[in-house]
Amino acid sequence: QELTLQLKWVTQAQFAGYYVALDKGFYEEEGLDVTILPGGPDIAPTQVLAGGGADVIVEWMPAALAAREKGLPLVNIAQPFKRSGMMLTCLKESGITDPKTDFAGKTLGVWFSGNEYPFLSWMNHLGLSTEGGTDGVTVLKQGFNVDPLLQKQAACISTMTYNEYGQVLDAGLTPDDLVTFKYEDQGVATLEDGLYVLESTLDDPEKVTSLVQFVRASMKGWAYAAEHPEEAAEIVLENDETGAQTLEHQVRMAQEVAKLTEGSTGVLDEADYQRTVDTLLSGGSDPVISAAPEGAFNHIITDRAFD
Amino acid sequence: MKPNKTGDSGGRSVITARNIDLTFQTADGPVHALKDVNLTINQGDFVSFIGPSGCGKTTFLRTIAALETPTGGNLTVNGMSPDEARKARAYGYVFQAPGLYPWRTISGNISLPLEIMGFSKADRQQRIERVLELVDLAGFGGKYPWQLSGGMQQRASIARALAFDADILLMDEPFGALDEIVRDRLNEALLELWKKTQKTIGFVTHSIPEAVYLSTKIVVMSPRPGRITKIINSPLPAERPLEIRDTPDFIALAHEVREGLREGHGDD
Amino acid sequence: MTRALPVLTVLLAIIVVWYGAAVWMNAQWAQDQAARADTTLTTDELIRQTLTQERPVLPAPHQVAMGLWDGLFGQKFTSKRSLVWHGWITLSATMAGFAIGTLAGITLAVGIVHSRTMDQSVMPWAVASQSIPILAIAPMVIVVFASAGVTGLLPKAIIAAWLSFFPVLVGMVKGLRTPDRMQLDLMQSWNASAAQVFWRLRLPSSLPYLFASLKVAVAASLVGTIVGELPAGATAGLGARLLSGSYYGQTVQIWSALFAAAILAALLVMLIGVVEKLTLHRMGLAR
Amino acid sequence: MTALPILIVWLGAWGVNSWLSRFDTRLTRTLVPIVFGTTILLLWEMIVRIYSVPSVILPAPSQIGASFMANLPVLWTDFVQTIIKGALTGWIIGALAAIVTAIAIDRSTFLRRGLLPIGNFVAALPIVGIAPILVMWFGFDWQSKAAVVVVMVFFPILVNMVAGLAATEAMQRDLMATWAAPYWQSLWKLRMPAAMPFLFNGLKITTTLALIGAIVAEFFGSPTRGMGFRISTAVGRLDLPLVWAEILAAAIAGSLFYGIVALIEKKVTFWHPSQRT
Amino acid sequence: MKPNKTGDSGGRSVITARNIDLTFQTADGPVHALKDVNLTINQGDFVSFIGPSGCGKTTFLRTIAALETPTGGNLTVNGMSPDEARKARAYGYVFQAPGLYPWRTISGNISLPLEIMGFSKADRQQRIERVLELVDLAGFGGKYPWQLSGGMQQRASIARALAFDADILLMDEPFGALDEIVRDRLNEALLELWKKTQKTIGFVTHSIPEAVYLSTKIVVMSPRPGRITKIINSPLPAERPLEIRDTPDFIALAHEVREGLREGHGDD
C-alpha cells in the first residue's frame, strides 16, 4: 500500500517520528510504502492535500480549521504533539517583561502562511491591534531565520522551543539576554503538528486500513525517537537532502520535540481540541474561524490503531 | 531607325507592357509609382532604364518579375503573365547589392537556386563551373562571400542569376555600389557575356555613360508619377571597346540622354 | 594581457571594498558581543573578529572562498553536502527548462513569422506573460503540478521554461525576420516554396540571433530553477542550499551557493558561446 | 466528449481571428489580441467548470474577477507597498546609479574594459539569490525590496548604457573632433542622445525584473502588506482567488510599467528608425 | 602652366605636406596607407583627390584634419600643426554620408558646431539662415534629417560645415551616394559657392567627370602603398557651365585623368 505524507516544514527532527518509522522499517512491517514529502516556507500542506499531491499531511490545527471553513473538509485523525512549542523570544534589552503591558508600540516578528493564527488570537486576547501605532504592535512577516532579533529589527520574534530558540543561542546570545513567552503559559496554545486527511478518504475502507497502519507505525516511531534522540537525529540527517542540518542542532531538536510528544498516544484529546477552538473563536473583530467546526476530528483511525 | 510609340525595334518580343499603372497605398496616401507605361522588349535586347530616384525604375523591373502586381494595364513575359513566367523561372534577377548568403560559399550560393529548382547534383556541379568561368571567377567557388572584393561578389551574384539559364536577365543597379574603375571592367564583361549568350537584359542604372555604353535601347523615366519620357535606340555598333566612350557618337548619345533626363526632372 | 589587466584590477578593487564592507558591517555584532561579555575590543581584535565570525552579516571573501572550496571539493561529489551534487540537481532542471523554453520559443516564433493571426494574437500576450510574477507563485505552480501528478524535476523546469522562452521567442522572431526584402524577393524570383525559404534562408540567417538569445535564456532558466527551488519544498539544488543557508543563518553557506550558481551561470553561457563559435564557424559566418 | 465544447470555442475563436487578421487595420490589430485573450479566459472558465477543478488548485476567472473587485483596497495597499515603494523606487535609484556609473566608466577605457566583462557576468547571475541577504541588511520594509531591485536592475542598465555611449558612429565622433568639441559637449550633445535607444532597451528589460525582485524579496521578510506577502499568506489561508487577484494586479502593473516606459521611449527616441513607423 | 614636384600653382600656401607616411597597424599586419606624399594646396584652390578604393584618399584628408596622425613626414595647415588647426577650427569637414544627428532638426544640426564653438544665439540664428539659403534649403530648417531626401541631407551637411566660416572645406566623397542628376546640380552649386566664398577646398571623389568639372588641381592616387601618382592642374576656365563637359578640352582632361588612373591601378 502506497501512502504519501506531506510535512509542514523542511526535513528536521520536528518530524523525527515519521523518519524513524520509515528508516526502522515500522511502515514496512505494516505493509506500507510511505513517501515523505518535505515542506517549505511557502508550501501549504492543505493545498497539496486538496490537489491530491498527498494522502495525509502534518498541519497545525488553526490552519486546518481555517481551511475547513474555506470549504476544504479536513479531518484530524491523530495528534502526536500534545503541547505547543510556540513562543515569542524577546531581547531583554527591549525592556519587555510582561506581554499585557509591554508589547504596545513594539515590533514583533510573526510567521505567516497559516502559522499566524495563534499569534493573532493571542493579540486579540491582549486587546492589542496588529496594525501598528503606539497602542498596537507592528507585525513583521518573519522570514526563515532569527536574524531580525540578532539585527535588532524586532523586539521579539516567533520561535519554536525546539528550533529557532536553539538557533538564537547558537548565534551567541545567552538565555540571560532573552525573555521568552510560551503560548502554553499564556493560555493561548493551539494544537500543533497533527495528522489530517480529507473527509472523503475516510469513506474508502482500504485507505482507512492504510491510515490505521500508518498512524500505528508513526506513533511507534515517535516513541522510539523520544527514547533515542541521538539516533533519531542521525536518521533525520540522513534524510535531509539539503545537507545543511547539523547533528548537534538536530539532537537538541529531537530532545525538545520529545517534551512536546510526551504523554501523547496519538489520540486527540478533546479538551485540547476544545481549547484550540475556543482560542481561535475568541478572536474579536477578525476571528480565525467564525463558528465552531463540526466533524473536524475523528477517532476512527486511532481507535482502530490502538484497541 | 525611328522608334515607334513603344520603342519597338523588331525581333521576337519577349516583354510587352501596355498602359501599365501601379499605385502604392502608403500611410501618407497613394504613391503613383508607374503611370501608363508602354514598352516592348525584344529577344536579345539590352534595355537600360535611367531616371532620377523614385521614378519607378525598380518598380517596373519588379513588376516584370512579378514581385509587384500592376494596378492597371497589361503585361506579358514570354507570352505569359509575369507570375506564370516567374513560376516557369523565365528570368534571373540581380539586385544592387550582391545579396549573397554569407553562410554559403560562392559555389553554394550559385547552387541555391538550382537546388530549389530541383536540378540534379551532377548538373548543378557542372553549371556552377560553367557560370564561374563565364564571370571569370573560376577557382573562387570554395570561398565565402566576405573573402571576395565587392566587384567579385557582384560577379558571383550575376553568375547565380545565370546558372539556371533563364532567357531574361533583370538587373537593378547591379554596379551601383562599385567604384568607377571596377565598374568599367564589369561593364565590359557584361557586354561580352550578353553577346555570348544572346540573353535579353533589363538593366537599371543611374549612370548615363553606363547606360549609353551598354544598351541597345535606353528608356528614360521621370518621377511623380513614374513614367517613361523617352525611349532612345542606340546607334552604336555591337562591338564596343571602352574607348568608344570618347567618340563623338557616344558623347552625342550621352548628351541626348542627359537632355532627356533634364526635361523630365522636376524640383526636389 | 591587455584584456586581463583591467578586469583583474577591477576584481582586486572589488575584493578590497568587500573586505572593508565586511569589517564595517560585522563590527556591530562583535561590539555587541563584547559589550555583553563586558569587555572592550582593540581595533586589531575588532578587525580580526569581524573577519572570522560564524554567522557574519557579510562574510569576508576568504570565508566565502573557503566555503566554496569546501562545498565543491571537501567531500565526495555524491554527498548531500557537496555543492557539486546540488549544482547537478539545479543544472539538470535548468537544462530541462531551457530545452522546453527554447523549443516553445522557437515553435512560437516560427508560427508568428508565418501566420499573421498568430503574430497579432500571441505577441501582445507573450509580453504580458512576462509581467506575471511567476517567481512569486512558484510554490503554487509546483503544488498545482503535483496535483496533476507531475513532480520532481519537471515543475521546476517548467518555471525555468516560462522565464526562458521569452528571450528565445523575441530573438527568433527578430532573427527569422532578418532576411531583407531583397533576399526574400530573390527566393520568390526562384519560385521557392515556404519550406525552402524557411530552411534555406530564414533559419540560417536567424542563427546569430538565436545564439544571442540562448545566452540570455539559459541565464534566465537558471534563475527560474533556483527560485523554483527556493521556497518550494527545499529538498535539493542550489536554491535549496540558499534557502537552508538562510534558514539557519549560515551566511557563508548562502554566499557559497550564490557563487556556485554564478559559476554555473558563467559556465552555461560560455558553453553556448563555444557552440555558437563552432556552429557559426562551420557555417562560414564567423570571420 | 466533455472536451468537445472547449474545442469548438477554440476553433471558433481562431477562425474569427484568422478572418480579422486578414484586414490588418488599426482596429483589428487591437481586436485580435483581445479576442485571443478573451478566448483563453473563456477556455479556462470552461475547463474549471467542466472538469470541476477545485478552486484551491485553480480558481475560475470569474472567481478571480470577483475577488479582485472585492479586495480593491487590499490590492491598492499592496500595490503601493510593493510596486511604488519597492519596485519603482529601487528601479529609479538603480537606473540613475547605472547611468552615472556608465558615464564615469565611459571616460576611462581602462575602467570600461575592466567593468564591462564583470558587468556582463553579473547581469547574467541569479541575483534574486541575494534577496535574503539584503533583507537581513536593510530590514523588513520596502527599503530592502528597493535594494534588491537596485542590484537586479543596475547591471543590465549599466551594460546597455555603456554600450549606448559607445554606439556613436565613427563619423559622428569625427565630426565632433573636427569641431574640437570638449568632452562634456560631445557627451551631452552626441553620446547621450545616441545612447538613449540602448538605455531604454535596458530600462524596458528591467521593468519586469524590478517587479520580480520586489515581490520575491517579500518572501524573506516583510511588513504585513505587499503583493509577495499577500500571495504567500493567502496561499496559506487557501484563499486562491485572492492569490490570483494579486497575480492579475501584478500583471497589470507590470504591463503598465512596461507600457509607460515604452511610451516615454517613443517620445525621447522619436528619431530612431525603430520608432518612426 | 607646368606643375612642379608638389603641384604648386602659386598663391599663399594653406596646406603643405612633405613626405607624409602613414602606416596602420592592423591585426593582419601593417597597412601602408600613405607613402611619401608631397603636396601643396594654396589659398582658393579646389583640389580633387581621385583614385581606386583603398588608395588613401580618405586617409590623407583625415590626416589634414588631424583625425589621423602621420607616422612620418611633415604636415602644416595654415602654418600650424594639423591638431592646432583643428583646435583653431580652421576647417569644415563633410563626409560621404550626411552624418546628420537624427535627433536634431536641420537647423539644430547646423547649430550644433556653432553651440560648441560658443556663438551667441542671435548669431547662430542668423548664420543658420544664411547657410540654409546658400545650399538652397531655406524653409527646411524645422525638418528632421530623415524627413529629407538624400540630396537635401547632403546639402544640409555642407551647410553645417559652412556655418562657422572656416577657410578650408574638406569633403570626402560628399556626393558619392547621390544619383547623377542630383549630383550634377550639387556640383554646380558647389562651384558657385566656392567662387563666392573663395574657400580652399579638398575634395575626394571616385568620379572622373566630377573631378574634372570641379577642380583647379586633380590629384591622382594609387594604392598599395597609397601614394600620389600624378598631379594635374586644370586648364579649364573658372566659369564652368555644365555643358563644358561636352567640350574637347574637358574630354581630353578626363582622358588624361583616366589614363593616370589606369597606370596606377593594379589587378584586383
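For clarity, chains are labelled A, B, C, D and E in written order, and residue numbers in each chain start from 1.
Going forward, contacts are C-beta pairs under 8 Å (C-beta built on N, C-alpha and C of every residue); 3 or more make two chains touch, one makes a residue touch a chain.
Per UniProt, the chains are B, E = ABC transporter ATP-binding protein; C, D = ABC transporter permease.
Bear in mind that the values here come from a model prediction, so they are computed numbers and not experimental data.
Looking at subunit A and subunit B, the chains in contact with each of them are C. Inter-chain contacts peak for the pair C-D, counting C-beta pairs in contact. Once the centre of each chain is set as its mean CA position, subunit B and subunit E turn out to be 33 Å apart. Per-chain Cα centroids separate subunit A from subunit E by 85 Å. Each chain gets one centre point, the mean of its Cα atoms, and the points for subunit B and subunit C are 53 Å apart.
The set of subunit A residues that touch two or more partner chains comprises 41-42, 44, 47, 50-51, 143-144, 147, 151. Touching two or more other chains at once are residues 57, 132, 136, 219-220, 232, 235 of subunit D.
Multi-chain contact residues, meaning those touching two or more other chains, do not occur anywhere in subunit E.
Here the chains touching each other pair up as A-C, A-D, B-C, B-E, C-D, D-E.
By the touch criterion given at the top, residues 52-53, 149-152, 179-182, 206-208, 246, 251, 255, 261-262, 265, 268 of subunit E touch subunit B in their complex. Residues 29, 33, 36, 54-55, 57, 79-82, 85-86, 139-140, 142-144, 146-148, 151, 231-236, 240-241, 243-250, 253 of subunit C touch subunit A in their complex.
Listed in rising order, the residues of subunit A touching subunit C in the complex are 10-11, 37-44, 47-48, 50-53, 143-147, 150-151, 167, 171-174, 177, 240-245, 249. Against subunit D, the residues of subunit A that register as touching in their complex are 41-42, 44, 46-47, 50-51, 63, 66-67, 70, 72, 112-116, 130, 138-144, 147-148, 151, 153.
Those residues of subunit C that touch subunit B in the complex are listed here as 182-183, 185-193, 196, 200-201, 204-205, 207, 283-285, 287.
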